[in-house]
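Some structures are shown below for you to check.
In what comes next, chain A is part of two complexes: it sits with chain B in the first one and with chain C in the second one.
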Partner chain A sequence: MRKEGPVAFGLICGLVVIIVTYFSAPALAKVKGELDQWYLIATAFAVAVGLVNLAQIHMRKINQKKEGWGYSIVLMVGMVGFLLFGMTVSSAGDPKFQWMYNTTVVPMNATMYSILVFYIASAAYRSFRIKTGEAAVLLIAAVIVMLGRVTIGEMISAMIPKWTSWIMNVPNTAGMRGVTIGATLGGISQALRVLIGIERGHLGGVE
Partner chain B sequence: MIAKGLNSTFWLELVYCAAILVLISRARKGLKVPTVYKVPGLDAMDEAIGRSTEMGRPVFYSPGIGDLQNAQTLASFATLGYVARQCAKYDTSLIVTNRISVVYPVTEEIVKQAYAEVGKTDQYNPDNVRFFSEDQFAYAAACVGVMHREHPAASILIGGFWAESLIFAEVGSQVGAIQIAGTANTHQIPFFVAACDYCLIGEEIYAAGAYLSKDPVLLGALIGQDWGKMVSVVLIIVGAILATVAPKANWLATILKQ
Partner chain C sequence: MSFWEKAQQLDRRIIYTVMIVILCAAIMRPVGLAISVNKETQMAYDAIDKLPAGSIVWLGCDFSAGGMPELIPTLQSVMIQGFRKNLRFVAGGMWNMAGNMAEVAWTAVSPMFPEKKYGIDFVNVGYKAGGNVLLEKMVSDTHAAFVGVDHYGKPLKDLPLMNEFKSFKDCKFIFGFFTGTPGERDYIKFVGGPLGVPIASSCVAVSVPETMPFVQSGQLVGLVGGMRGAAEYEVLVKVPGRATAGMDAQAFAHLVIILFIVVGNIGYFVTKGKSGKTT
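This part shows the complex of A and B:
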């Protein structure tokens, strides 16, 4: 029952969702609505589990004064501070809560996102080396597309933006569509294997 | 009866699923199933884990930032189970990081179960399976910190990745880890191809569970996937010919749009 129960439950829930997607079934649509609510509630409890895990690891680090324990204090203060303050306000749209979020989380996210510029440069430096034929094609295509996206490309030659458009609209789109078709078919196959229970990794390794 | 605009989709999907079920049934009966082609990224898993074992450094694993509803995350679990068993067998430390709180208990259980399967339950370290944050870049920053502090010798990134993919790949390269990455998000595949040693492209991540376990039943399902692709290729070729020679009488497009 430990193996079959979750698989059967998953199959029933999956069939409900599939039937509601393809057919008009008001009764099952209500069931799907309930299942969506259950998922949200389970997610909320899972967030609590995650918070406990974070707190355990970082409190242990602080107690044992392991390397970087100062940052663990910053994390705990931030996490508990947001949590306690969030409980005192009426909603996430509260101006004070929004101010806290906009002045801390938003700039930090923007910082991490902006680091991508430097990582793109370092990745380009490492990968754009002509070791093989494919690497040469990658380098040439990348140079054309990069030049075509900025005004200097058109200044060098009026053909560069046209070549850029052709590269992006024809071979790139064709390749990406092919990958998308394959990935979609793979996703459907994966979902089917999970629903009928022959793939059980999501059950926590139950064989 | 079928919702508007989904008629063709429903029948095509039904035939595709039926083909997969037929092949699974053949495999269960012990009938011969065609072999799958070699996937270098999956073959390199053992090499990566072996490298970590020899160097005495951990393996870093990320199942992506997709939630439990994402098929890529489910596919990642199969790979995680295999990697965890191998790490447990060779006494190699495995660090698994999670962005989604719902995914964290699943990965924890997978790793714990893997250690139990090889009889090394006492060596399982719960602190090595970590939840960081539901925020995308907070998770990315935490993983960067882990990589710089723990210096993994292997970095395995299988699942749904978005903008943080290149951050992981580049930092993995900076710390000298061998990197195996795979995602079905087409906008991130180029970054992984450029920055990682091995890349699983799109559907190859869904093949991981079958490929690594060599289970004939799962391999049978893989072949069904290939049949679906062959049908898609035929439809594309026929559709392209019809769109070129008779664009106003493209009956295939009319049928598929129903």
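This part shows the complex of A and C:
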């Protein structure tokens, strides 16, 4: 029962969701609504689990004074500070909480993405080498799209935006469509494996 | 060591410095390159333009601060276009910065329309955990999905607009702003497909290739891609902003990266040729 119980429960819940999604079943729709609420609550608890895990990792690092333990202190101060202050305010829109969030998390998040341009420039110069015919095709397409997606492409030639549009609408869309369909079929296959109990990794080591 | 061999070992700090100088110069001294409008951006603009006055539009702010330069200008432009047409907006999303992003846009746009009031013409319901399950819940009951309060903790029942927007069935259009997952696919799966609500998307430039198939299939009625798309939308609403200002910098950054690729490959072929001759 220790193995079969969770699998059976998962199968029943999965079947409820599938039936309600594709057929009209008012009685089961109420059950699905309840399952959705459980999911939302579980997601919130998953955040709490992540918090505890992060705290364990970084506290261990601080205690053992491993390399970079100073940054772990900064992380713990920020995490605990936000958590404690957040619990004292009535909503995420509280002006003081918003001020803390907008002056720390938002600029840091934006900065992480902003520095990518320098890594791309460095990688473009040091690593992008035309060693094969395919790499040459990739380079030519990349140059056309890079020029076509900015205003300077039209200044160089009126054909660049047209070629860019063709690359995006024809070979790119065809390839992405294939990838999307393939990934979706893989996802359906994986979901079926979980539902019927072939895949049991989510059960936490139950054989 | 020859010039090209030394060039292959170029310190990356020199590359970073060149990029910083180019970007700063382009931002401080913009050239003002002309911006033409792509078909997909025009489709999104026209779809909003066709909506009757008073229609409720859901603004899905499903992005984080990393997407702000590319998506906030579009969000603001859509709100400007919508307020001119007396559309009403409800903003929120599945990402934890949804409320903040909506607030940034409302704070920037509301002074241009002092007659538009929070609670009547615009509501920010913010973020709740749950991802696409939140979307599913919104299909039947938005108030329950957001636990009855908006981003600022105000009860939704006290906001006149929310008494008309009880679920996605009450909105005429969805304009989503995405930087990843959950994103437009979830809206298409759970809202656009089942309810037939038209969806337009604004996404970061790296997501444009994977989103194009949905535009071709008609599951998205328009696509505003990256900062270029945002600049195009600013041209359409005739309110140039940060996207327009950033296009020059992006253009020169792309040119510099192409130059780096070309120079790097010239050096590669020259040094490869020399080592081939000496062996």
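Going forward, the second predicted complex is superposed on the first by the 199 of 207 C-alpha atoms of A that agree within 3 Å, B and C clash if a C-alpha of one lies under 4 Å from a C-alpha of the other, contacts with A are read in each partner's own complex, and residues count from 1 in each chain.
What we mean here is this: a residue touches a chain if its C-beta (ideal position, glycine included) is under 8 Å from a C-beta of that chain, and two chains touch if they have at least 3 such contacts.
On a predicted model such as this, the values are computed, not experimentally measured, just so you know.
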First, second, both or neither for A:G182, with chain B first and chain C second: first
Which of chain B and chain C A:V137 touches, first, second, both or neither: neither
Contacts of A:Y22 with chain B and chain C, given as first, second, both or neither: first
Partner chain(s) touched by A:M112 [first = chain B, second = chain C, both, neither]: both
Touched partner set for A:V77, first chain B, second chain C, both or neither: neither
Partner chain in contact with A:R126 - chain B first, chain C second, else both or neither: both
First (chain B), second (chain C), both or neither touched by A:T43: both
Which of chain B and chain C A:I12 touches, first, second, both or neither: neither
First, second, both or neither for A:I198, with chain B first and chain C second: first
Touching both chain B and chain C, residues of chain A: 43, 47, 105, 108-109, 112-113, 120, 122, 124, 126, 176, 179-180
Residue ranges of chain C touching chain A (in the complex, touch as defined): 8, 10, 12, 15-16, 18-20, 23, 33-36, 38-39, 64-69, 97, 99-100, 103, 124, 126-131, 133-134, 136-137, 140, 149-153, 205, 208-210, 212-213, 216, 225-226, 228, 247-248, 250-258, 260-261, 263-265, 268
Partner chain B, residues of chain A touching it in the complex: 21-24, 42-43, 46-47, 49-50, 53-54, 56-57, 60, 67-68, 105, 108-109, 112-113, 115-116, 119-120, 122-124, 126-127, 138, 176, 179-183, 185-194, 196, 198-199, 201-202, 204-206
Interfacial residue positions of chain B with respect to chain A in the complex: 1-3, 6, 10, 13, 16-17, 20-21, 24, 68, 71-72, 74-75, 77-78, 80-81, 98, 101-102, 104-106, 108-110, 112-114, 117, 127, 130-132, 134-138, 140-141, 149, 163-164, 166-167, 169-171, 173, 184, 186, 189, 191, 194-195, 201-207, 209, 217-218, 221-222, 224-225, 228-229, 232
Contact set on chain A toward chain C in their complex: 33, 36, 39-40, 43-44, 47, 90-94, 98, 101-102, 105-110, 112-114, 117-118, 120-122, 124-126, 128-130, 139, 143, 146-147, 149-152, 154-155, 161, 165, 168-169, 172-173, 176-177, 179-180
